[in-house]
Structure formats: structure tokens, C-alpha cells
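Across the two complexes that follow, chain A remains constant while its partner is chain B and subsequently chain C.
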Partner chain A sequence: MTTQTSGDVAQEPRRVTLRSVLNNAGIGLALLALILFFAVFTEHFLTPNNITNILTQITINLILAVGMTFVILIGGIDLSVGSVMAFAAVVAGKAITLPGFGPVEAIALAIVAATLIGVLCGMFNGVISAYWSLPSFIITLGMLNIARGAALHVSDAQTIYSFPLAFEDFGSAMIYGVPVVFMVAVVLVLIAWFILNFTVFGRLLYGIGNNEEAVRLAGHSVYWYKVAAFTICGLTAGIAAVVYMARLNISSPIAGIGFELNAIAAVIIGGTSLSGGRGSVIGTLLGAFIIGVLANGLILIGLSDFMRQMITGVVIIIAVVLDYYRAKYTAS
Partner chain B sequence: MAATPVSVAPAPDPQEAFLNVEGVRKYFGGVKALDGVSFSLVKGEAHALVGENGAGKSTLIKILSGVYPYDAGDIFLGGAAYKPANPHEAKESGIQVVHQEFNLLDHLSIAENISIERLPKTRYGLLDKAEMNRRAREALDAIGLSDIDVRSPVSSLGIAHRQLVEIARALQSKSQILILDEPTATLTERETKRLFEIVENIKAEGVTIVFVSHHLDEVFALCDRVTVFRNGKTIATDQIADMTPEKVVQRMVGRHLEAQMTDATKEQCYGEVALKVVDMCTAANSKDKGISFDLRYGEILGIAGLVGAGRTEILRGIFGIDPIRSGSVYRDGKEVRFKGPKDAIVSGIGFVTEDRKDEGLILDMPIAANVSLVNLMEVATSGIIQFAAENKQAREGGARLKLKYGKTADPASSLSGGNQQKVVLAKWLARNPKVLLLDEPTRGVDVGAKAEIYSILKDLAREGVALLVVSSEMPELMTLADRILVLAEHEVQGELQRNEFSEENILKLAYGQHQ
Partner chain C sequence: MKFMKFAAAAATSLVLLANAAQAAEEKPVVGLIMKSLANEFFQNMLEGAKAHEAMRGDYELRAVGMQNETDFESQINAVENFITQGVDAIVVAPADSRAMVRPLKKAMQAGIVVVNFDVALDEEVKQQQGVELAFVGPDNRGGAKMAGDVLGEKLGKDGKVVIIEGNPGADNGIQRALGFEDSVKQYELNLIESRTAHWETEEANTVFSNMLTAHPDIQGVMAANDSMAIGVVKALESAGRDDILVVGFDNIDAVGPMIEDGRMLATVDQFGQDMAANAIDMALEVVRGGPELEGWVKTPIKLVVAE
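The block that comes next holds the complex of A and B.
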């Protein structure tokens, strides 16, 4: 603490982002090291085709992880996003295959249906857990089952297919080798970054994660902010459902099993604290990349998928241990 | 396994001290918690520790029970140096504490709670329930609770019985010294009497009792000797027989502080009644009689009382944090019923809470973000924060309060206690409150910053803000307040005008020693 008395006029105004960049430097370096490692030890890692592959592979996890970041920042968790995504995809699949609509109307209907389902499920999670101050772990575990059951029920456990061609085209479209769906995910990251760093809403989400009581005593309605965070998480599950349908041209009621865990892993590896209040969506972006690069690179190197899974697990644990030390040093 | 005292006890002489505390000091960072504490315990006596809030009693107990190490001085137990590394070692040495707050596991049985530190095992390493229940039975019988089933869960017991189960647990391990920290705080009169009978019996068996209490009548009813604490020091130890409650109060206060009537002659002209509270009962107050007072613009009203007298609850009730059970609050003559802090803030009230870390500040967030927390909409346009405006607000607030800081972007945790408290004040002042509630406004703040905060608060009053200040520090109230209400057990015991201010008068009312 310096003893300069209130004289600083010109200074960078965005402490939160500056700090998150510093925090993310470590994650960025880890990602860079991984990329270098695989570039040196495999032949095909840095080829355009493989890069396109990686971007495609991480897209859905990244979209889910963006919403998950909001929930984890307020100290919550959402275990239901994988199931909600499947439920949204099945309902949207029903909508898109309704007879009597042109392709544009059908696609629009599907997008509305998927996002609406996502928003409603997320809002449900938020209202129940915030109103009664119940652990979101339990509530969203319930929603995980509700949404999965609903997906199976609505689809009669059948996979839905034969979507309009324009939809498939969107799913496989590339611009300079970058999948359009990945660009959608990056746009979501940027929107989330803006919300979290530049709006009153975002500021209060960080505040709630750090010290809910202080925010409440400052006259803010903690309840609505919590509901909003869960609703955003549901919304991204709905968007992920649309991307999933466009990429695979099917809606399966058993899609997305375990996706919630990958999304949580991306957020945690990205440096967001599970206890809330600290972290950034840029970190989440890097976290999703680390998981994707590991998955791709380890297979290129010749390891089995089982080994890949083990190593991803180790990385999650390392990330959390590092986070423990980071929290300890920033506290002292 | 019976507890074996580690001390090599000399031939027991009942008159000889067997615990000696000599010049013990304890610091937390730069803060002196204990600044030379000396006293001794004689076998089989009941020894009272009294003093104002924060005088050092609790710290000493935590040292004796192995929670904190001490920094200087000596403690001898039975002639050997005593320096417990952890609570377990303290217990092994025969020092048991029954804490103010309960340490029971609600959903486990009474027997399990009593044996939790040393659960009996069968030959096969399984829990020996029969033995556990037998021991618990014995422990409860020893304190006269033969009518209670040891297998029932603790959650089925009333508060008084829980207290007794704690005592039974403490006694189970063959204690030499039993420390009771405010044991009667939650008990009714009848339960207190029962507790005292039990304590007398324990004492008769040769256990030494250390009794910490705010209630002097209890001290005089139960104890043989009394040691008075003040500002982290022990003042004196006396035989109860030689003392009167008045003398003890005098010792607690000392003659060091004649009330600072700096501007007692100040011409007082207050405005209209800003806040009127009529017969307000908070949820924590189980009595029928509520609290009533008027607070005028430009006035500083102090609220004194011991911990647990219901001071903070009044502020929380007014501010709409906790529901009010009965009674009413008027703001500018109109009855109001705040559903939450938001309503209170809209009506022009601010609340500087007691606990900076838990309620006041978001420590990891920048100073600017903390200052703008109440007033975010003022520094934002259509929900987007204008960082320039936010920083300006923080700098202006900082300048007004002489805040010492590096950058407004530094986290609040980088500041000293006094400057953190100024950030909390700046947060509320950014909103230009008409009524400001303050709970322990200078807790953990160094002397220099204290004086600055006092002058800020007085300036606010001069500008016409109505201030309601709760404080445990009597010099603080006597410096700041125009009037002081003294509370005890959720009741107004009396009101003191400036010319009646003295620590003695406040304490007499706070301890219920009516004139």
C-alpha cells in the first residue's frame, strides 16, 4: 500500500479485465506450451485440417462453458446443461421437421424452440435455488434428470433427422477454414466478456460471488441476479443445441451426456474459482482450448482415448491446485 | 484411557496457586490483544474474569485452551511451564472450556456428543455403544440430569440442557479446570439457578472453575475471587468478600478517562425528527416491550450496551434486513415498513455495518467498485458502467475522507483497517444519505484514523445528517454522541445527556445496576 493521497488522475479504468489478463497469462502459456509440444512431436497437429478439426470439436463445449462461467462466478454450479441441451435439441428437432413450413421458417422455429427451452430450464434452476437458498448442485442435478427424461419422452426415445439442407450448410460452413459455428461461440465469448466487465449486471455478479451479503446490504436484489445467471446458462445450452443439430443433422435424446462436466472443467481450468467471485470468460475460452488441444493432440500422438481421459482428469486437478495457491497469494 | 495430567504435581496444598499466568502478551498483527495479563488459580476456587467487551478475556481463554499461542510471558500449570500447541493438548492437561457458542453436533445422540473426543471401541475396533451410553449416563448423573435419555439426539434438547450437556462433556475428561465462557447468556433465571447448583457441586469435588460473565450479580453469587481486565491488561485480583459491584465497575472503567466534553458547550439546534422508532421488537427480542426513540436531523444518538443487548438488531430491523416483530418505524413522520435494504436506501438511509469483511466490503474488488456499490446506477448509462465516472466518484469520496490509497483500481484488501472503513463510509456518502446508521464505526481502526472518522461523522451531523451510532467503546460514544441510550437485554435501561456522560453511568445501566 502506497501512501499517495487521492491524486491518480490518468489510470487504466478496467481493473477487472487487467487482472483477468494477468491471471490468464499462466493459462495462455500452458496452452502455448501444449501447442508447441504437439507441433514438435506429431506430424499433423499444425495442419490446417487438424486446426479446423480442433475448432469444430471445442465449439459446443465452449458455448456451454460460457454460460457455466456466469453460474460459477456467483458461486453456483449447473449440472443440467448436457441434458437441457438434449431436451432443447429434441424439441427443436420436432419443430424443424414439422410439415408445412419453408426451410427458413422451420429453422427460425427450431432456433426459437431450442433457446426457449434452454431459457426456461435455466430460469427454473435459478428461481428454485435462489428463492429457497438451496444448493444449485442438488437443484440442477434434479434438472439433469428432468430434462433427460423429457428429451426421451418428447422424442419417444427416437433420433430425429432429415433437417433442411440450409441448416446442414450452416453447420458445416467455413470461412478461411474456420467453422462458422466456432465463430458463433467466439461471438458469445465476446458478448459475455462485455457483460461481465462493463455492465452493472456483470459487476454485481462478481460482487455476489465475492460477498453476497455486502451486495444485498447495498440494496441490490441478489435474487434476480442469481436467476439471471442461471437463465443465461440455460440460454447457452439452447444455443449449443442448435449448433449440435446443425453439425450432426440429427437430434438425439441421448446427446450431451457428460457435457456438463466438460463445461465445468473448461471453466475451472480457465481459472474461475469454484467458490465464485473470481475468474473470467477469457480464461474459459483458454480452458476449452486446453481440453480440446489435449484431446486432439494425445490421440495424434498415439495414446488411447482412455489415456486421454486420464490425462484430462489430471489437468483438472492441477488447475484446481494452482487455483488454490493463486487464491492464497492474492489474499495475502 | 483416563486423562493423565502432564504436570508433576507437588503435594496438593489447597491455598497454593496451581495455575500461574504471568505477564502474558498476545498480538494480532500490530494489534495488542493482551498487554500483560497476570493472575493465578487456587485449587477448588471459583474465579471470575470480568471486563468490558474487548478487554481480553476471550483471548486469554483461547490461549489457555490451546487455540492461540501466546507471544510473551509465562504460564505455569502445577509448577511446569504450560504452552499447549493445540486444544487437544490443553484438554490432556485437564483444562476444559464450555464456550459461549455451542460446539455440539445436533443430529448425533447426547451420548455420542459426550464421548466424541474419545469414542470407546470394542475388541474388534467397532464403536462400543454400550460403553459409550454408560459413560454418558454417568456423566449426566454426575450433574443431576438423570431424567434425560442419553440416546436422544441433541437437537431434541432445549438450550439450557444443551449447555449442561456441554458441561457434562467437559467434565467427562477429568478436568482440573473448567472454564465457563458466558454460560448464562441464553438461560432463563431458573435454568441459571440450576446451572449454579451444578457448578457448586463440581467445585465441591475439587474442580477449579473459571467464570466469565457480564452479569455481576452472578459473579457475586458464585465466585470466590474476581480478576478485572481492562484494555488487554489485568488490573487486580480480589476476594469477592472484599468487593462490591460498584467497586468492580470502577476497576473496569479505571480513572484514566474523564469524559472528553470537548464541545459540550456547543449550541445544539437540531432539525425535525428524521427517524422515529416506536416500541420496536426485533425477532431476537422475545420480550413484549420494545425499543422507542426519536432521532433528529443533525443529531448523533449513541446506543450503548453489552454484547447481546440487542443493539445491532435494532439497526438491522430499521434497515429492513431482519423482519420487525412488532412496533413501527417513522421516516420524516410517515410510517414506513421496509421490505429490504433497497427500500431503506431509497428513503435516504445508509448503514455502515459492524463487520467490514463479511458485510461491508468486497475485499477482492477494487476500491472504486466498492465505493460505487450502492450507487452503481449513478455511474452507469443504460446499465454500462462509465469507468471514468466511477473513478471520479471514488477519488472524490477518497479526498473527502482523507483516504490513503494507491490507485482506485487496487483491491480494498490492500488497505489498512482504518482506510477500509473509510471506503465503507465513502460508499454510503456517495449516496448522500439523510440518516446514517453506524455499527461499531471504528472497530479494528488505529487511533489516528479513529480521530479522522470522528471528525467526519461530526461534520456530517453539522451538515444536518441524522446519525445513529452503536458502539462498545464508551469513550467513542462519549466523544461522538449528543445523547446515549443504554440497552440491556433488548430494553432501554436509560438515556444519558452529555452532562451525565461517564463510563460509570453507562456501565451501571448496561449491567442493570439501577440507581
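The block that comes next holds the complex of A and C.
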């Protein structure tokens, strides 16, 4: 009996993966349509420089969205990633500007500090919300405030600056016009894709999102899987902090306000269901592209700030409505 | 339970002690209301005010900030709390130039000396409510024009410029954008676009990169604060452009090196650290029976360029 349930749970994601190929084709088409639209109506959209710009500009959101995908797949949400990113960046900024270290040591220290802060904050979210089965919405809202307050406290609300040159070089490095930081994000997408599709852990995350009770009855510790999902989300916030610092060469305690919403939007536009259990990280990649292309293209077209904000909102709503029909269609 | 009782007793005795100390010295109490302490500018201002309190030693400072720039309800609450506490003076940097007029009127009617600094209250609303209140603060518009003029001088007629604005609706942001536009008019510059980046570095970096793509012939950038100017400078570096001039506002520490090596042309210092302290001095003058303040008491601003 037990093994049979376990088999069902493991089976479920494989079917979802197949469906998600179809889903992703839909999102891919939407992205293609956007790209065509901007290519026709603006002069500079398809120039190599602008493509480089778009890749740079979506990197941070993409990294955050990869972690967010794990959390949303188990039916949770993480509202704290923007604040955690700022907290991690500020602590890493303090670390990297410590006197008495060579550039290599300082950079290593900063990377360790940022990822550690991210992991700890994520783990905290996971442990609290999983242990007491509390809605992650409210726990991570708490963490949003804790991390933002901590970022301001640690930095005294000052911008931290003057990082080693090598760090800045990493932030602006390109290989054939592709920013290295974007490659880092793509590697994270691939790792996440592998974990979610080809490991027992990944399949069980889908299982938890679909039917938590079934996974529990199958003899798996739902608690630790949930903690792991939130920890991964925190880790990506820490990595995003490193990219933020390398790209701008400062650490600002007010960085990342509202980034959580962009990350969630990328995941949802990418076809992952807010109620969990369905979706893919490849969809998240496409979702991040849609948001980035939209933000870039609307400026190139010369639309005013306020109109831009309205259109971005409309696109998010359209994506969710489409998701409703997609779910209905694939279920039948 | 026991602990609660103990805590209550301790709290009571603390309050009694505090009251006793106050009664003994009869120091006037000044309530300082600032905007977001997450903003470097107000954090420095608070530090300055605390140092000032310690230096003068003849008044008691109670400072309140807010969570973020748009949370002006907490400022209104702070005014009401200060009225209840019966402070002698309220020194306030309003988050909203209209919403704050009414609560401050209540404070004045309660006999509290009110000094408005940093951002001026709206003239029209003041007249409507029958409030006469002086303003102590810098000329944001004039300051922005000083920076804009440096840019205008360099570029000359028809120089192509863009403005990176602060939060839409924020009074100092609006004044600075107006100041930049004054420079545009005076030097007959060509203002291509004006966009907000919400005072933030990363957003300024993204928004300006895209503006530069749309208009590669931009020659100058006016950013309404230095955090955004830093984002613009980084965008120029990654685009490999060193022919575009950038001016900012606030003179935060992080732009010091950029001004020196020419990545930024100019910024403006409005001595935020002293601003609250100066306003407190003026409030205490009035509390001690000095003449009422009138009109606009301008505080110093300074253009900062490479030496």
C-alpha cells in the first residue's frame, strides 16, 4: 500500500513535465510575439547592445525567481527575498570592505557572507512555517521586515562602497556579448531544472504541492522537504545579492524593495500554479524574459512611466487568466 | 505573573524617575519628526541632531522617523502624540506638504512652537486653514539648478539631456526636477526624456541603460539624487561611454570618488546633518521668547565639483 502511494507521487511529476513542455511552448510564443512587436516598432530593440542590456537587467530577477519556483511549487510563497537580498548585500558589503584582506580573500568572504545570510533567512522561513504549519505568506512577511530592518541597522542606512576592482570586473564581464552574471543565472536554472525533474527530492516537491498528505503517508518527511525549498529560495536571494554588488559596485540597504513581487510574477507568468504542484523552472526563465523584455521595450518605445506600470500590471493579469484556461485544458 | 508585576513596578519607577529628572531641570522638550530613516539623508540628519542635543545640553530631544517615504500617517500620529505629551516645540520635515497642515495647526493651537523644515508646507492649504508658518530649509529647486547650470555651461545650446526623477509626488523630487528644467530653459538645452527611478540605484541603472539605447546621442544626465546618479555612472561604464556628463544631488559619501575622477561632474550638498540642528536652534529661540519666524529662512546649499 505504502509503496503504491509512493509510486503514484513519483509518477505525477513526469506527466506534469510532459504537459509543461506544451505550456512552455505557449509562453514561448507570447515572448516571441512581444519580441517581434518591439523589433518592428522600435529602432534599437534587436541591436546586440540592447540584447546584452536585457540579459543583464533580467539576471537578478531570474535568480530570485528560480528559488521562488521551489517555494511556489510546494504551495508556499516567499515575500522576503527582496529584503533578504538587501540584508545579504549589506553584510557582504561590510565583509568585502574589511581592512586587511587581499582582493581575493575579500571577495570570497563576501560571497560566503551573502550566501550564508540568504541560507539562514530561508531556513528560518522554512522551519517556522513548516514546523507549525503556518501560512508562509505571513511568516515571510515577517521576515521581509526583519531582514529590511537588519539591513538598515547593520549599514546604519548608509550606502557601502569601494569594492575590489576584480569584483567589479566580474560584474561587467562578457563572453561574446553575454554577461557572465547572466550565465550564472542560466546555470542556476539548469541545476534547478535537473533537481526538479530528475531527483527524488524534486519530484517529492511536486508531490507536496499536489497532495501533501499523500507524500506524508508515503513515509516521507514533508517537514524537511519544505525547509529545503525555503532554504534554496534564501540561497538564491544570497546569490542575487552578490550579483547586485558586482553589477553596481555598492551595497544599498534599500535595494530590492518590491523585487519579491517581480520574482513571483516571473514564476506565475511562467506557468507555475500559485496553488503548487504544477509548473517548471524553464517556464520561470521565460517569465523573467517576458517581464524584462516588456520593461526594456516599453522604455524604448518612449511610453511614460505611469503607462508602463499599467501595462506591466495588465500583462500579469492576462498571464494568470491564461493559466486558468491552461489548467482547465490540460486537466480535461 | 511575578515577572509581569516586577516589570510593571520597574516601568513605573522609571517613569517617576524620568519625571523627577525633568521637573528638576525644566529643560524644554523638542519633538523632531523626520521622514524615512531608511534614507541615508535623514539618518545623517538624526545623527546630527543627537550630537547637537549632547553639545547644547539645554533641551531634550525626542525624535521620530517613519517606515518609508510614503507612510505619512505615522507622521500625523507622531504630531498627535507630541501634543498629548505636551512638548514645547515640534520640528517637522513633512512627508506630505498638504496632509500635514491640519495636524500641525492643532499643535500650534495647543501652544506648541512649530518649525517646518526640509520640505515646505503647501502655501495654498496653509492659507485655506488660516495657518501662518515659516519654512526653514534649502532651496531644492535652486540647488538642482546650480548642478544643472554646470552641465548647461559645459554642453551649451542644444545639448541633449535627460532627467532621472525621484518618487513621483515627492515634493523635493518635484522641486529638483523643476530646478533641472530651469537650467534646460536658461541654457536652451534639448530635454529628451524625464523618467523616475524611485531614488534607487539598481532601478536607475536599468532605466538609464534603456534610455541610452533609445537615445545614444544623450550628452548629459541630471539625477535627482546621488544614489540614482551612481546607477547612471555604472550604466555608462558598462556601455563603455565616457563622453556623457552626470550631475546628482545630496553629496553622499559614495559619490566622492566619482566627482574626483570625473565620472560625475557635480553634486549639491544641502548639509542635511546640520539641517535639523539648525531648525531646533530656531525653535528654541522662539520657545525662549524670541520673535516668531517669518517667510522662508533659507539654509545653505553648496555646489560640489572636482577640485
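By definition in this document, the second predicted complex is superposed on the first by the 315 of 332 C-alpha atoms of A that agree within 3 Å, B and C clash if a C-alpha of one lies under 4 Å from a C-alpha of the other, contacts with A are read in each partner's own complex, and residues count from 1 in each chain.
In this text, a contact is a pair of C-beta atoms (placed from the backbone, for glycine too) under 8 Å apart; a residue touches a chain by one contact, two chains touch by 3 or more.
Remember, predicted model here, so these are calculated numbers, not experimental data.
Colleague: What is the contact status of A:F41 with respect to chain B (first) and chain C (second): first, second, both, or neither?
Modeller: Neither partner.
Colleague: Does chain B (first) or chain C (second) touch A:P253, or do both, or does neither?
Modeller: In the superposition, A:P253 contacts chain C only.
Colleague: For A:Y131, select first, second, both or neither according to whether it touches chain B, chain C, the two together, or no partner.
Modeller: It touches nothing on chain B or chain C.
Colleague: Who does A:Y324 touch here: chain B (first), chain C (second), both, or neither?
Modeller: A:Y324 contacts neither chain B nor chain C.
Colleague: Thinking of the overlay built on chain A, is A:D156 touched by chain B (first), by chain C (second), by both, or by neither?
Modeller: Only chain C is touched by A:D156; chain B is not.
Colleague: Once the shared chain is lined up, is A:L204 touching chain B (first), chain C (second), both, or neither of them?
Modeller: first
Colleague: Please write out, lowest number first, the residues of chain A touched by both chain B and chain C across the two complexes.
Modeller: none
Colleague: For the complex, which residues does chain A have touching chain B?
Modeller: 1-6, 8-9, 11-16, 18, 198-201, 203-204, 206-207, 210-211, 213-221, 277-278, 330-331
Colleague: In their shared complex, at which residues does chain C touch chain A?
Modeller: Residues 37-40, 42-43, 168, 193, 195-196, 199-202, 205-207, 209-211, 213-214, 216, 227, 230-231, 234, 237-239, 252-254, 257 of chain C touch chain A in their complex.
Colleague: Help me check something: in the complex, which residues belonging to chain A touch chain C?
Modeller: Interface residues on chain A, with respect to chain C: 42-44, 47, 49-50, 53, 56-57, 60, 148, 152, 156-159, 161-162, 172, 244, 247-250, 252-257, 295-296, 299-300, 302, 305-306.
Colleague: Which residues of chain B touch chain A once you look at their complex with the stated criterion?
Modeller: The touching residues are 319, 321, 340-342, 344-346, 351, 353, 358-366, 368-369, 373-374, 376-377, 380, 383-385, 387-388, 390-391, 395, 398-399, 402-411, 413-416, 427.
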